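Order as written gives the chain letters A, B, C, D, E and F; numbering starts at 1 within each chain.
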Amino acid sequence: MNVVVRNIRRADPAVVEAYSGIGVATVHEAQGRKGLLASTMRPIYRPCHIAGTAVTCEMAPGDNWMLHVAVEQCRKGDILVAAPTSPCEDGYFGELIATQLQTRGVAGLILEAGCRDVAELTKMGFPVWSRSVFAQGTVKETVGNVNMPLVCAGQLINPGDLIVADDDGIVVVRRKDAANVLKLSQEREEKEAKSRQRYLKGELSLDVNNMRGKLAERGLKYIDNPPED
Amino acid sequence: MNVVVRNIRRADPAVVEAYSGIGVATVHEAQGRKGLLASTMRPIYRPCHIAGTAVTCEMAPGDNWMLHVAVEQCRKGDILVAAPTSPCEDGYFGELIATQLQTRGVAGLILEAGCRDVAELTKMGFPVWSRSVFAQGTVKETVGNVNMPLVCAGQLINPGDLIVADDDGIVVVRRKDAANVLKLSQEREEKEAKSRQRYLKGELSLDVNNMRGKLAERGLKYIDNPPED
Amino acid sequence: MNVVVRNIRRADPAVVEAYSGIGVATVHEAQGRKGLLASTMRPIYRPCHIAGTAVTCEMAPGDNWMLHVAVEQCRKGDILVAAPTSPCEDGYFGELIATQLQTRGVAGLILEAGCRDVAELTKMGFPVWSRSVFAQGTVKETVGNVNMPLVCAGQLINPGDLIVADDDGIVVVRRKDAANVLKLSQEREEKEAKSRQRYLKGELSLDVNNMRGKLAERGLKYIDNPPED
Amino acid sequence: MNVVVRNIRRADPAVVEAYSGIGVATVHEAQGRKGLLASTMRPIYRPCHIAGTAVTCEMAPGDNWMLHVAVEQCRKGDILVAAPTSPCEDGYFGELIATQLQTRGVAGLILEAGCRDVAELTKMGFPVWSRSVFAQGTVKETVGNVNMPLVCAGQLINPGDLIVADDDGIVVVRRKDAANVLKLSQEREEKEAKSRQRYLKGELSLDVNNMRGKLAERGLKYIDNPPED
Amino acid sequence: MNVVVRNIRRADPAVVEAYSGIGVATVHEAQGRKGLLASTMRPIYRPCHIAGTAVTCEMAPGDNWMLHVAVEQCRKGDILVAAPTSPCEDGYFGELIATQLQTRGVAGLILEAGCRDVAELTKMGFPVWSRSVFAQGTVKETVGNVNMPLVCAGQLINPGDLIVADDDGIVVVRRKDAANVLKLSQEREEKEAKSRQRYLKGELSLDVNNMRGKLAERGLKYIDNPPED
Amino acid sequence: MNVVVRNIRRADPAVVEAYSGIGVATVHEAQGRKGLLASTMRPIYRPCHIAGTAVTCEMAPGDNWMLHVAVEQCRKGDILVAAPTSPCEDGYFGELIATQLQTRGVAGLILEAGCRDVAELTKMGFPVWSRSVFAQGTVKETVGNVNMPLVCAGQLINPGDLIVADDDGIVVVRRKDAANVLKLSQEREEKEAKSRQRYLKGELSLDVNNMRGKLAERGLKYIDNPPED
């Protein structure tokens, strides 16, 4: 049976909004180096940064029908996350669906397939992370699921999970971890800001992070270049 | 025998010109979802859009000699379409050949191989769609063919066919179909413009395109999220 | 044994500086079509151009510890060249190490692995050529080598060799060849400038480079298009 | 926190055993065309066919420590399913761990990474489906999880789920669906056996499956080849 | 409009049969190094060798309906050549269609998509060259074309053309060239047989093919290894 | 200048012979996890195992002329190692050159390009590790180098270095390290044989290698499955 799940539980909007400007690499580190989608997913333009709650969409290969269905389930602050049931690089998404999503306040699209109309999407400022850019059209024959758990680019995405995406890629944070990971991410940012100040003055991470002793323990030797050969 | 075919028949220049601004995705849909080159072909800069008539060039792997030969067969409004006889990512093309082509009024290059001098080409505004960017030089030892039918990135290209290329990729339209596909493309654009207006007001493609009945027929169900787990 | 070699011999700084603005394709041709790194290495932003002397860094897969070590061995005018001992696309490098390198006057990084913080690196103007963009973090557990000969993206790089990198890719010039290749590159640029002037006036490389005779010898025939089919 | 979950619930052994000889393609169709792992996962030798219950293992990139931990959680009739937290093609698995698994009655390994000792594994008759064959060794530094839900080659695998793998690839069946999908698979096999008999006598699927009418409806036309050109 | 062309003209069966045992590499060289399909097409088992006349089949992505239609157009001595209109690795073909083809005397299948049931096909001795092995099922919704010219794996295939396929790959020979290329292939085989005899006695191709003079002309020097470093 | 270096120094033949039967994974571990060529290099048949001394050959892309030159420099016990100066998958090598090499007692070929005649090579028992199988022919126009240091599949190979290749891949051992790495490899094999005996009796590597304490230290917890959900 194929279903559309309405009224999913979403990560707290106040928490989601606070992720604004926090990078994917930071979030990924803060939650213990997990949750990254595959690096084959690339943004159609840069720079870009979005954070929002996942509405998930499972589609048949070469068939974008369910994207149209998913649009209706999206609200302001959501990010649509869509994947085909078999690998496909066809152009599932273009500016007409983007117009609907943007009108509803959706922040962007994560699409493990192909995107088209990238010039128009860039002009509109609607960011898409996709596996390919390809004009190949799709059909509307087969139904799938909206807001069921979904594997997208190697990660399990639950509806309502927090998604952060930027130039570096995409990370998923479980809905219930969103507040805690936010706090850890902010702490990490503060710590990094302090390190950055020291590095700008010429200090080295070797010293700032006390690496020299451990390096010697592991057997690293320093030698001088032998005389000219 | 290797030949250069002169004075090929080309799609009507007035028709070709009218494709200005019509996107690859639109043309591809208008002619029945066919004619797209493989998505491995990417533009060296974005945004970009060209339409023109194909001059074809078949080259030996690692040998760009025939590109020099092909230049002479190109006229204002043409697009050079070149492919090696065996897969190759070497840098067949750079700004010196581009200068010759641009001086002759050629709109751009479709190259199923590598391109180099991409910074200079970007500055010149000469667009290239290629399989790779690679500085690797080529030799000038083996002859090939100009203006013979050619398979490029998975599509058969006849000399004089219409080529449209933009940020989404490349599509070929048969010479004799160019006028008819133009009409269908323009109709499609008008229809899409109307839909866009409705989407901007918050309407959904589910309703604009009457999808709800067919979705129900195919068994799609709507359910509400179960209470908190 | 793992070592850090200090005080390596570097290509002459005056020679290195003179490579400013000379493209990778030109250098590669000038030294006899050799020294190019694989085309899988792409710059994180464009346009970009750097020339500098190589400091090499061999790292364990998924472990960026030695990058921190390598920073200290870098001086103004260097380019850090780093590769893992097994293929890896993890994000070894981000803006904190970049800040240290930029503060020391390092021109850029060649990294046969993944890069992250690409938005920040773009803003800082610190160019990186990498195999992937990926936020995946790394550990600091295993030591490697700094300033030992290293294979990076298919080329052997010796510490102190000259590296030139731009939008087209990366080329290595042996330290002792740097001055001679500079001279050959400059000659090539002058010759190309003259050709460009002729091409801008409508001349063809077929004539400028006297290709017509050799083409005929190799059996190339010119024919006119047959009458309409 | 990293955990090893002991005494997982497994699909019914009698049901699992009944999958013996039922192909992956059949199971995949019988459960509604879902559950296939990516086609990048290939068996190290052919022919091969196994069915068993999943023990899952999440490992750090370049680190096979958790495979050693997972062995102890495996019983007769299990299949070990392992994936790294970041893409990695290193050789996580060889004949020494295989010996332990085979001694315990484990049917085979699904490994989204590299395998080595493939000649020995072939001789032992211990089948492995992996992303690559690569001798590259791994370290034992970082802990992960055993018997937690895991995404492997694009599919979510729960501990205790049924896995069927053969020359065509790998399919996962949810633990609770195992009995029902078995019944559907067997029905499908019987139906196919009947069709096969008819095809062997020269009948066509066009007729056996009544396709001609629907094809005509969709507009398919039959024409004869024009006279010799 | 989608069509099935019946009663195509085929290469002469006596000529086709004479290709038995002549390798793809030989045919490719004999016809002037052209006609090879991309190396991404691999046989599902080895060794294998077939020669036959092409029946072509164009299919929608993820839809194998037209394969069923194409079966009826195949005769003894044919090879079915099938490609989707957009890149797809789904499993279009398995043993049930193979049974129909084999019953009709078809020699094998060239499929620019995925194949399944490879264990059964191997047992049946029905060879397939495909882009992937993947159990993913397809639908039967969209019609395409049979016996229209088709681009498959980078080569244009006309219905009735000669196809030769073996462990090395696949080559197409135009219908009208089949007899002439056969003669050239046989001459090449005879010449190679003579060379082989000389090589078995210890002679070198350097001498058998008189290469030494030309090598010296191109500047190749022989030097002895320097004394121990 | 292009050179052929004659009479290179080779690893001691007695030492080389003693590598017979020692696997690539073992040698790679014994010498400290280094020296592996990229996993993109695959044997044309399995099982296979060779050990020998490297004769290196650098070739132009699409040009196999230097392979003919290199044959003459090969002796009994050598392995030819060949790579193009730019990535190329053309079929550089077939049974005619193999016949010459086999007649001279050469053990096999490592070829970072394409191989053809793989059925014949399999029948002859001449093993080749290559990047692709492709019938595409090459030309004989450009000279290169024999017995100069060469980067092949990501590793620097010096003439005379020891090469071991088997089903798992290829490893290079520096000429001067050959004896020492042999000793370490044999010790490793003995140690593994002892472990294997214990594993066959049901012992676990967790205990044989004392891993339990360190795992607990790193925070690994064991829990029992929660009651049925």
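Here is the rule we use: a residue touches a chain if its C-beta (ideal position, glycine included) is under 8 Å from a C-beta of that chain, and two chains touch if they have at least 3 such contacts.
All figures in this text were calculated on a predicted structure; none of them were measured in a lab.
Any chain bridging subunit C and subunit F, meaning touching each of them, is among B, D; the list is complete.
Looking at subunit A and subunit F, the chains in contact with each of them are B, C, D, E.
Looking at which of E-F and C-D shares more C-beta pairs in contact, the answer is the pair E-F. The mean-CA centres of subunit C and subunit E are about 40 angstrom from one another, to the nearest whole unit. Between subunit B and subunit C the centroid-to-centroid distance comes to 30 Å (mean Cα coordinates, whole Å). Across the assembly, subunit B contributes 33, 36, 39, 86-87, 89, 136, 142 as residues in contact with two or more other chains. Pairwise chain contacts in this structure: A-B, A-C, A-D, A-E, B-C, B-E, B-F, C-D, C-F, D-E, D-F, E-F. Interface of subunit D with subunit F (complex): residues 1-9, 65, 68-69, 71-72, 89, 91, 94-97, 99-100, 103-104, 114, 116-120, 122, 132-137, 140, 142-143, 147, 159. Every residue of subunit C that touches subunit B in the complex is listed here, in rising order: 23-25, 28-29, 33, 36, 39, 42, 46-47, 49, 166-169, 171, 192, 195-196, 199-202, 204-206, 209, 211, 215, 218-225, 228. Subunit B contributes residues 33-34, 36, 38-39, 85-87, 149, 151, 154-156 to its touches with subunit E in the complex. Interface residues of subunit B facing subunit F in the complex, by the touch rule stated above, are 60-63, 86-90, 136, 139, 141-142.
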